[in-house]
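Take a look at these structures.
Both complexes below contain chain A, partnered by chain B and then by chain C.
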Partner chain A sequence: MNLPKRLTSLARGLFLALVFLFLFAPSVVVVVFSFNESRFFSLPIKGYTFDWYREMIHRTPLIDATKNSFYIATLTVVVSVGLGSITGVIFNRWRANRIVKSMISSVIPMPLLLPGLIWGLALLILFSRFDVRLSIWTVLAAHVLLTLPLVILIISTRLQTLDPAVEEAALSLGATYPETLYRVVLPHIAPALLASGLMTFTISFNEFILSFFLTGGGFNTLPIYIYSLIRWEASPIINAIATVMLVFAGLLVLAMYWIEGARALRGISRQSGEGDPAEPGAPSAIQVTQGATS
Partner chain B sequence: MDQTVQVSLESVTKTYDQVIGVESLDLRVNKGEFFSLLGPSGCGKSTTLRLIAGFEQPDRGTVTIAGQPMQGVPPYKRNIGIVFQSYALFPHLDVFENVAFGLRTRRIAKNEIRTRVAQAIETVELTGLEKRKPHQLSGGQQQRVALARAIVIQPDVLLLDEPLGALDKKLRENMQVRLIELHRELGITTIYVTHDQEEALTMSDRIAVMSSEAHGLVQLDTPELLYKNPGSLFVANFIGTSSVIFDTLADVSSGYAVTDGGLRARCPQGFRAQRGAPVALSVRPEKIAIRADLDAEPEAPNRLRGIVETIVFLGESTTYLVRAKDREFRVKRFHDADQRVIPEGTPVLLSWHPDDTSIFVQ
Partner chain C sequence: MKLSGLVPRRLQGRALALGPVAAWYIVFFLIPLALMLRYSFAFTEQSRIQFVWTLDNYRQVFEDSIYLRLLVKSLRLSLTVTGITLLIGYPAAWAIARMPDRHKPKLLALLIVPWWASYIVRIFGMRMGFGNTGIINSTLKWLGLTDKPLEFFQYNFTAVALTEANLYLPLMIIPIYMSVERMDMRIVQAASSLGSGPIRTFFRVILPLSLPGVLTGCIFVFLPVTGTFIVPSLVGGPNDIVYGNLIASQFGESYNWPLGSALAIALLALLVVMLRVMTSLARWASGGVAQ
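Presenting the complex of A and B:
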């Protein structure tokens, strides 16, 4: 290999290394400091300890907030993916004017385009106007509002890849409409359901602003609890929490790879993976990481 | 052949948002018949198929399958097999499960499903590929899976919607023969939708020619009669090729029409036209004799002089495009041992018999 070629390949490697350093350095710092003996974020590190982890699991408010977040995120997945897939199927089958349909589908992602702050405020005003007491349910409503558009988009994009004649073929072969949905449409959109479910879960689990407006002070979600930790004590257990969340996100990504790999082995992946709007593993990982380090 | 009617449409009309699909269409398809719906796009042939399948309900008129009126009967309660143009295989199911689908919805016992699916897969010669997914198959193989899936349920009628359209020429001709053999073997009443006249002529017992102007039937006949006695200029042009001469009617006597241009044609049954009426005469390419000797057959009733413009050599025959009377005539001549190809630019004499001439009032 001649010199200029070597230099360009070196430059390329260096560039990638810098980008990855930029991406992952914060996480590494968080992980390292979670084992730091000192209470303060200062170098050099004096010694290693598991104290912060021990302290973390003995904090009841933290455990409660985590439970709440899991609970809300799970409910959000059920409601959003449920509503989203039904909406997607109906919307896809709706024989409306093409322009009207494309206008509607470009308005669907609206909630994602406005700052969460505005939605939080708007919902707060709306709920108090109708005397709705703030609770887990108001947070759930907000999270569904935030995630439903994504689910609808992902699922209807996936549905468009199903030849309408395939549904007609099922009908002609004796399958009723519900049977056709269950035996043909559902298996086809399964990867999209999984992807949108994971996204919905991570968005809800990490969501801060809407939850902050709508919990009503009666309970905490994990991000709100972390926020109060930062404000009031700046304890290193924040690093421990972040590390646990990182590990959790990493496991999720691994699980996705495992599922994808297994599907590829059975020879489905090639076809059904095509045109997938969301690569299932990647976005969830990013979401979790962001939430953990913020 | 058993002549009981298997599928019938009576004055069926279907309109989509003011666009006419079919208009007062009457069809009777006999049991065991290979029946083709032939026409250009927009003639309503696909609408007809969808009405029989039950994907659409007629605005007026009735569809009857195997003696049962189909008013309000959804597709899944009609016993029909369909092969779609796009094949429409279930992408997440393997070949076996694709073929088994219609048996599973019918709640048939597992053992029977296994034997019937194996048999159907054998019929379409795909044995050994049961575990493949549709995307792992070639177009021709997917097509045969679609066919197996449709016949395994022993349908009252098999609907084929331009099933060979996506295949290349060799494969298409191969599949045509296979479909004919399969039809003979199984005896399933088959309705075949196509815009390819050659395909329809090759395969069908009877052909219903449809046109976009009529939104329905123009002529219904056996391939042979359609070719020999086209009932209209549209059919003459759509089925095979014809040379057409426009003229006006001079006289009709003893069953033959004579035009002002001195051409003769045999009148079809019930031919009625005024003297001076504009008419079109059409002749098949292989019925026109072409000679380099300009004075041959002085007594022939239909003679025209022209000049050879283009020669298309086809192996067993040659097609000449001859300009005569300011029109292009298509002449097909099969090769005899001693005949030479007439070169381009040669003045030639065209002649044909009145019995081989169709006449239509414009």
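Presenting the complex of A and C:
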């Protein structure tokens, strides 16, 4: 009885290891070849070098693109978390008509579900129709829309763990709305705010498809610059850039895990059946997996 | 009536708070899509767009066999990718759910890590693997297993499908994990103690119970892959362009925005219908079977 059990658990572990190997293979390959002396991506590796990193830091277009991405991501965090958290709070506490609410909640995740190709081009049409020059602002408009659904979902999920009676108590004891928001609600959702901020930053910083259409010829974001390198100059310099990005992303994930992740992920196992059957598992699934369109 | 907590009682308060987000959705989502719809009825003459009302673009979409062929190819690609991710993702989700509780959050976090790395970087990583001189073929040659590059690992449809599968696998695993994890294992035990074999138990008990998660995962994978265009152009061969490339090229080199809009609207309509079918299936599955 015990041996087959141990065998199945061994097989399970082995299978999972293979799955993770598949998932991580591209990233590992990218990192390894960033130190490869040869210009070509083939084994065996001849020797190790830091040349590609040295070459990387002397590229002005790369630095400009990184700056642009940084600005856009920071602004996206400010706007998206700002607007999204207010909406999350109101939406969670709003006992509106069921039909109205379910209509709104089916519209909210739309930017995540529809392919970025379609609404990225629709945005391009909008901007060209009204003669808006493509700039970091046009990219920002799209990135906010892409990340809003996640912020709203994370915040309203987090609020489900705060009993409305607590707020009622604060209100009936004489606190004003802003005071209650600041002293009661804000401390409760603070970790979720931080987590959604980190997530929003990462999504915006790495976003490709929308930026592809909305950057135009005048400027680049980092992912778009990488794309043009892949297209026109396949050199290990791409690997060096990508490695730095991966390290950065890894640090953010660690921070995220440390702040909210562990709790949120454990929460998934517990929230059995309390979700609205109209949206099968949607909120938390989206919450932990980032946008499908990024 | 339950206490409602922190909601401004008056309508103005609510409108003030929800207004900016609603405006953002209307200005940057609904209006652009409406404009796209309008463009799809216009036509281009000497690279100037004439805003008339014509069905010519749609006629072209449905009559020209190349458009339909590429649409079918896109659907075939997303079905293939959904199939691959489901076949790998279901057992993976099951395996994670059967792990000791303390490991689960770590494994789930690990699942999300590659998802946080840039989309373009992961595509680049996969691209390095394929091709005649790519890592897979050069390794096989180096190890002396082959003397010339294998066709299977060139830039082709397989490479595209595997790359997409690599990109979207976590999105399949997580929803399935959520429905498998909350499953009442006593029902499964009851089925087997009543004499049902493992295969029958899986198809009659386990699968129906996890169907909502499966369908959600399928939605998360199928929709974005149908709109893909960068992956086929970076890891596919010249014959592997799909419907998405066709749309993108109308806004680029071909410069025919009205036709591109019609192509995009046709895809949008198809996806909305599929989304509806799949969500009502999921609803039916969670309401009709699980409870």
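Following the convention adopted for this analysis, the second predicted complex is superposed on the first by the 240 of 294 C-alpha atoms of A that agree within 3 Å, B and C clash if a C-alpha of one lies under 4 Å from a C-alpha of the other, contacts with A are read in each partner's own complex, and residues count from 1 in each chain.
By our rule, a contact is a pair of C-beta atoms (placed from the backbone, for glycine too) under 8 Å apart; a residue touches a chain by one contact, two chains touch by 3 or more.
Since this is a predicted model, take the numbers as computed values, not measurements.
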item: First (chain B), second (chain C), both or neither touched by A:Ile57; value: neither
item: Chain B versus chain C as contact partner of A:Leu148, first or second or both or neither; value: second
item: Of chain C and chain B, partner touching more chain A residues; value: C
item: Which superposed partner A:Leu10 touches (first chain B, second chain C, both, neither); value: neither
item: Contacts of A:Pro187 with chain B and chain C, given as first, second, both or neither; value: first
item: Touching partner for A:Thr202 - first (chain B), second (chain C), both, neither; value: second
item: Touching partner for A:Leu173 - first (chain B), second (chain C), both, neither; value: first
item: First, second, both or neither for A:Ala165, with chain B first and chain C second; value: both
item: Common ground on chain A, meaning residues reached by chain C in one complex and by chain B in the other; value: 165-166, 168, 171, 184, 268, 272
item: Of chain B, residues touching chain A in the complex; value: 53-55, 74-78, 80-82, 84-86, 88-92, 101-102, 105-106, 133, 135-136, 149, 153
item: Touching residues (chain side chain A, partner chain C) in the complex; value: 9, 12-13, 15-16, 19-20, 22-27, 29-30, 33, 40-44, 83-84, 86-87, 89-91, 93-95, 107, 110-111, 113-119, 121-126, 129, 141-142, 144-145, 148, 152, 164-168, 171, 177, 180-181, 184-185, 202, 205-209, 212-213, 223, 226-227, 230, 238, 242, 245-246, 249-250, 252-253, 257, 261-262, 265-266, 268-269, 272-273, 277-282, 284-285, 288-290, 292-294
item: Residues of chain A touching chain B in the complex; value: 162-163, 165-166, 168-176, 179, 183-184, 187-188, 267-268, 270-272
item: Chain C residues within the chain A interface of the complex; value: 2-8, 13-14, 17-18, 20-21, 24-25, 28-29, 31-33, 35-36, 39, 88, 91-92, 95-96, 98-99, 101, 104-105, 107-129, 133-135, 138-139, 142, 166, 168-171, 174-175, 177-179, 181-182, 212-213, 215-216, 219-220, 223-224, 226-230, 234, 244, 247-248, 251, 257, 260-261, 264, 267-268, 271, 275, 279, 282-283, 285-287
